[in-house]
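Next come two complexes built around subunit A: one with subunit B, the other with subunit C.
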Partner chain A sequence: MNPKIAPAADPEAVEKSRLQRLEIDRAARWPVGIFIGSSLVWLILGSVLAIAASIKLHDPAFLAENAWLTFGRVRPAHLNIVAYGWLSTAGIGIGLWILSRLCRAPIRDNRSLTLAAVLWNMGNAVGTWGILRGDSTAVEWLEYPTYAAPFLLVSFAFVMLESVGLIRRRPPGHIYISQWYIMAAFFWFPSLYFTAHGLLVLAPVQAPAQPPINWWFAHNALGLWFTPIGLGAAYYLIPKIIGRPIHSYYLSIIGFWSLAFFYAWNGMHHLIGGPFPAWLITASVVASVMMFIPVITVAINHHFTMVGHFKKTIYSPTLRFVVFGAMCYTLASFQGSTMAIRPLNSITHFTHYTIAHAHLGAYGFATMVFFGSIYYIMPRLLEREWPSRFLIRVHFWSCAVGFIGYFVFLSWGGVLQGLEMNKDTTPFLEIVANTMPYLKLRTVSGSLMTLGHLAFVTSFCWMVIRHRASSGEPTLFTNRVPDPDPIP
Partner chain B sequence: MSKFRYIFIGFMLTFLSSWVGLVVLPVWGLGNFKQTPDPATGEMIPPLLSSLEKEGRAIYIANGCIYCHSQQVHPARVRTDIERGWGVRRTVARDYMNQEIAQMGTMRTGPDLSNIGVRNPSETWHFLHLYDPQITSKGSNMPPFAFLFDKKKKDPKNPAKDALTFPAGFGPGAGYEVTPTHEMRALVAYLQSLKLSSYEIPEAPAARIESLEK
Partner chain C sequence: MLVASVVILIVMLLGSVGALFAFSWAATHHQFENLEEAAESIFDADEPIGTPTDTYITHES
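For the complex of A and B:
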């Protein structure tokens, strides 16, 4: 990226750069390792709750005797666990590591960051326990009760402090686009959470004003938190692995500013048809359609950088996950823009189609990019390779196939549900009956995704406890490296 | 640092624009509703919730009814809510002013509940439906809420007055009786109170709204 940093020809500079990376990775080992490691616990717990919630929708008597496990608690517990336990925890770890690498500054205060990781996990544990025991706020995406919020906010304050420190300690010169995205995310998320939790849970404003704030928050949790971290990671990893710079640096800047502006205004498309002023909803519909600008710029950048290098996904696990994620980002964003258009929204809103779309963003894009990032980061943190090629293959194929099934079945069922709901002649229970096959197929697909997660976690634990001696070479999908490029 | 400072100010300003537009303006425009006298009866509308109904709302929130049931009636040009009988008119912002915590929802795995208090006023129906939805709505995928009922051995000499009467094939089995807990009574009271667009309000007189939409 910056040609000034590592002129490949000078062996002394190469060695200096290698030692600097080593120093950075060693400083990051504990805090980043704890964030990433604990996120996997939440990934598994979130998957188990997801399957339970999914089964309950086609078999309502399943685990229905206990109040703690009723659908209306298991579902928000799943959402909050995967959003704040898995995606956010992994996102903080990945964001900090990439930031530290790009600022060429080691993390200085890893004790406060380790404390931050502990507090963050406590916040999630307390929040989940709160939802299951019946203290859920029933504000979508903000179900953790008030007593969980201080843990999250204090923890995040430490993360912000360290991220500002990294930016301040960086050597003068160029700031790469991933640094923009990650820094922005680290400031946007607490601003979102603080505002929304305050105005909706702590001191609620009058009820008619709550849904706009709710969906400003919930849509931006994806748009201004997971998305910038995921895009920052993709912008970092794709050029790193294929060894060529991003297609157009100027486009990435247009992409950043248009995302920052338009995504922030998107949320009201969740309220189309509801009791709100037309200007409010129209503003969001316009902003949602304008999302074509950041999405097309990012798509051009990611996919054109990849042109001629797709063969490398044959061997690089990181690249395969990240490219899958980048493709899902393009798809999810195009789909999201169309779903905000009023006539289409009146079919898809209130149905399972929206759930499928949410998973395309949060799973197909964010989760897959985060998986890829973890495959890249962990060998560098632990100075040891992934133990099993087989487990990485199981991870990728279970998640990819499971997720595509999940998305296709649920979207299909959702459209049917929406069309039937708009025909007043179809009795409601008939619509419920017609969605059943799709809900059952969702359970099957979701179980396949969970199998992939189990393979991943097994692989991770195996790596951490050094169950098997490392080969000393990167663990790739295959040894048939298609061209002579060095494998980073 | 100087260069990053501009980026920082920039991305916080874009954020601030949405904060003003989607948080401050809605609070200013939708956060100060007042009750108004009903032109026909002179009572203040929308009505306040009783303390039992508020307890019921807490049960509704704790058990996540919102994840399957919306509470908003859309105008006829958007959806068939009115034809389905979910309300005589669309809901407007002021209808929610006494709800304290908006439960408008974003999912309709189950039907809309804005006016369930009018559509289904029967307490007995709600008790049976919540105890086991299959009793009243065969094929529903709503979970049973039997945990909000007391199941006791029946005392033949002194049966509970409020025990539920089940149709054949349902119920707790011979020798047992089922009575609603206080929480369940509160929940049903809340459901019966849901009449969000069942009255006329100056900004949404039923007849005018309907004629506009047709």
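For the complex of A and C:
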């Protein structure tokens, strides 16, 4: 009989797998803990800079006296901090932990990974300092100056080495879909970052070739770095939490390979209407619409895995965050495909609608899935529960309500802005003035999201420093523990 | 410009050859067979199918 299905039959196997899991989690405690812990510092810093940049859009005099805090520096600092400081740092930690769990192999080289975490954070610190002092490269998504890149490069080499080691030490048999996603991401990101950095900053190619390389990189950073880590986490956590295998493994394979083979073509849709060869952009529009295939496979899979288990989101913090994120993934991807279609793009291009879309992917999807993953990972690393369900509730509702507000207000304002800009009768300054209410509402929504982040960080610090014994109660959203579901 | 072309060419070749290699490896190493077993590979004897693991305490105790 399969021990996975009838555990009670063999107490020895149960104990063996429990001890192996404990060993894996204990080996991951320091390196993964440092990656995740430091990512939260960047999350807060990124949020503060985001609010500053947001206020400046409706109140340009705000913090305008100090050159370090002008919009042209604060805004790219926010973007790079949340991309490389928060999402990438947390993503590396989450990716390593899931890889280690799925490879049934403990992380072996703690010291090199801890060094990697330190170097990664140094790279972010140096890069942020560089942007704020005026050394930005002015290439969107790659603003960190060249002197930050070696830290990131060396750090990532250690991460890649360890992840290859984990895969090599796995037991024979299937490589689960999350392992495919995460391993692929660990190879895609450095090749993207350092190719683009080399061709745009170190030895810049001729000017007309720069925007395609820029958007090849920037779009792939979302789709081939944050997306695979987020999907890998969702494909592991959703079935693991509800105790039911994914609906269709077959679909997950189609989803992964169609993303792997066709995603890289997407970036050129950022250049629609620009002075570039039409075939280049058309090919990208086609690839963008083709993204319906991987997205639909993921959406079907996550939805049908969850069917019958949605009530668990009432209790389980991890599940609620991850399911919220998975739904945003579907929305963001569908929206992204439609935005690449020329008639729609002619309205939304150069408007706040694009900013809302970027946040739907990077925040609604990736950040929320990462929050959920951290809620699952940390208790297992520290062997204690989260200290306060109140703080988790504040975290979820502030972020969810704040984010939905952010998305709705900016999308709405963006479409109106786009329609007005396409009419040649409205003066430009009037259009700018018309976006004001939406920009102010964005500041309010962003502040609400930041409040949620503060609750999360408070919760995290409290959990780390608390040494007293746990109350023995699980930290769920409500007191009522869910009835166990019948085995499907 | 020559350097850039060489870099782009190398990245393109490595990327596509790597992806094709990974795909053919997966196909020849039974990654596309026994899909039910693959889907169940995340469960263990002590965290079997049918056991929710949403909190640390309920699971551990």
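Going forward, the second predicted complex is superposed on the first by the 470 of 488 C-alpha atoms of A that agree within 3 Å, B and C clash if a C-alpha of one lies under 4 Å from a C-alpha of the other, contacts with A are read in each partner's own complex, and residues count from 1 in each chain.
Following the convention adopted for this analysis, contacts are C-beta pairs under 8 Å (C-beta built on N, C-alpha and C of every residue); 3 or more make two chains touch, one makes a residue touch a chain.
Bear in mind that the values here come from a model prediction, so they are computed numbers and not experimental data.
Trainee: Sticking to the clash and touch definitions up top, decide whether subunit B and subunit C on subunit A clash or fit.
Mentor: Clash.
Trainee: Once the structures are superposed on A, label A:76 by its partner contacts, choosing first (subunit B), second (subunit C), both or neither.
Mentor: first
Trainee: Check whether A:187 is in contact with subunit B, with subunit C, with both or with neither, and answer first, second, both or neither.
Mentor: In the superposed model, A:187 contacts both subunit B and subunit C.
Trainee: Mind working out whether A:176 is in touch with subunit B, subunit C, both or neither, as first, second, both or neither?
Mentor: It touches subunit C, and subunit B stays clear.
Trainee: Just to be sure I read the superposition right, which of the two partners does A:244 touch: subunit B = first, subunit C = second, or both, or neither?
Mentor: second
Trainee: Going by the contact rule set out at the top, does A:134 touch subunit B (first), subunit C (second), both, or neither?
Mentor: First partner only.
Trainee: Which partner does A:346 contact after superposing on A: first (subunit B), second (subunit C), both, neither?
Mentor: First partner only.
Trainee: For A:207 in the superposed arrangement: first (subunit B), second (subunit C), both or neither?
Mentor: first
Trainee: What part of subunit A is shared between its subunit B contacts and its subunit C contacts?
Mentor: In subunit A, residues 175, 184, 187, 191, 195, 199, 205-206, 209, 257, 260-261, 264 are touched by subunit B and also by subunit C.
Trainee: Which residues of subunit B touch subunit A in the complex?
Mentor: Going by the criterion above, the answer is residues 1, 3-4, 7-8, 10-12, 14-15, 17-19, 21-23, 25-27, 29-33, 60-68, 70, 72, 74-75, 78-80, 83-84, 90-104, 106-111, 133, 137-148.
Trainee: With touch defined as at the start, can you tell me which subunit C residues reach subunit A in the complex?
Mentor: 1, 3-4, 7-8, 11, 14-15, 18-19, 22-23, 26, 30-32, 34-58, 61
Trainee: Where on subunit A is subunit C touching in the complex?
Mentor: Contact set of subunit A toward subunit C: 3-7, 10, 13-18, 20-21, 102, 173-178, 184, 187, 191, 195, 198-199, 203, 205-206, 209, 236, 239-246, 249-250, 253, 257, 260-261, 264, 312, 315-316, 318-319, 379-380, 383-385, 470, 472-476, 481-482, 484-485, 487-488.
Trainee: Mind pulling up the subunit A residues that touch subunit B in the complex?
Mentor: 56-58, 60-61, 64-67, 70-73, 75-76, 134-140, 167-168, 175, 180, 183-184, 187-188, 191, 195, 199, 204-214, 216, 220, 224, 257, 260-261, 264-265, 267-268, 270, 272-277, 280, 283-284, 342, 346, 349-352, 354-355, 421-424, 428-429, 432-433, 436, 439
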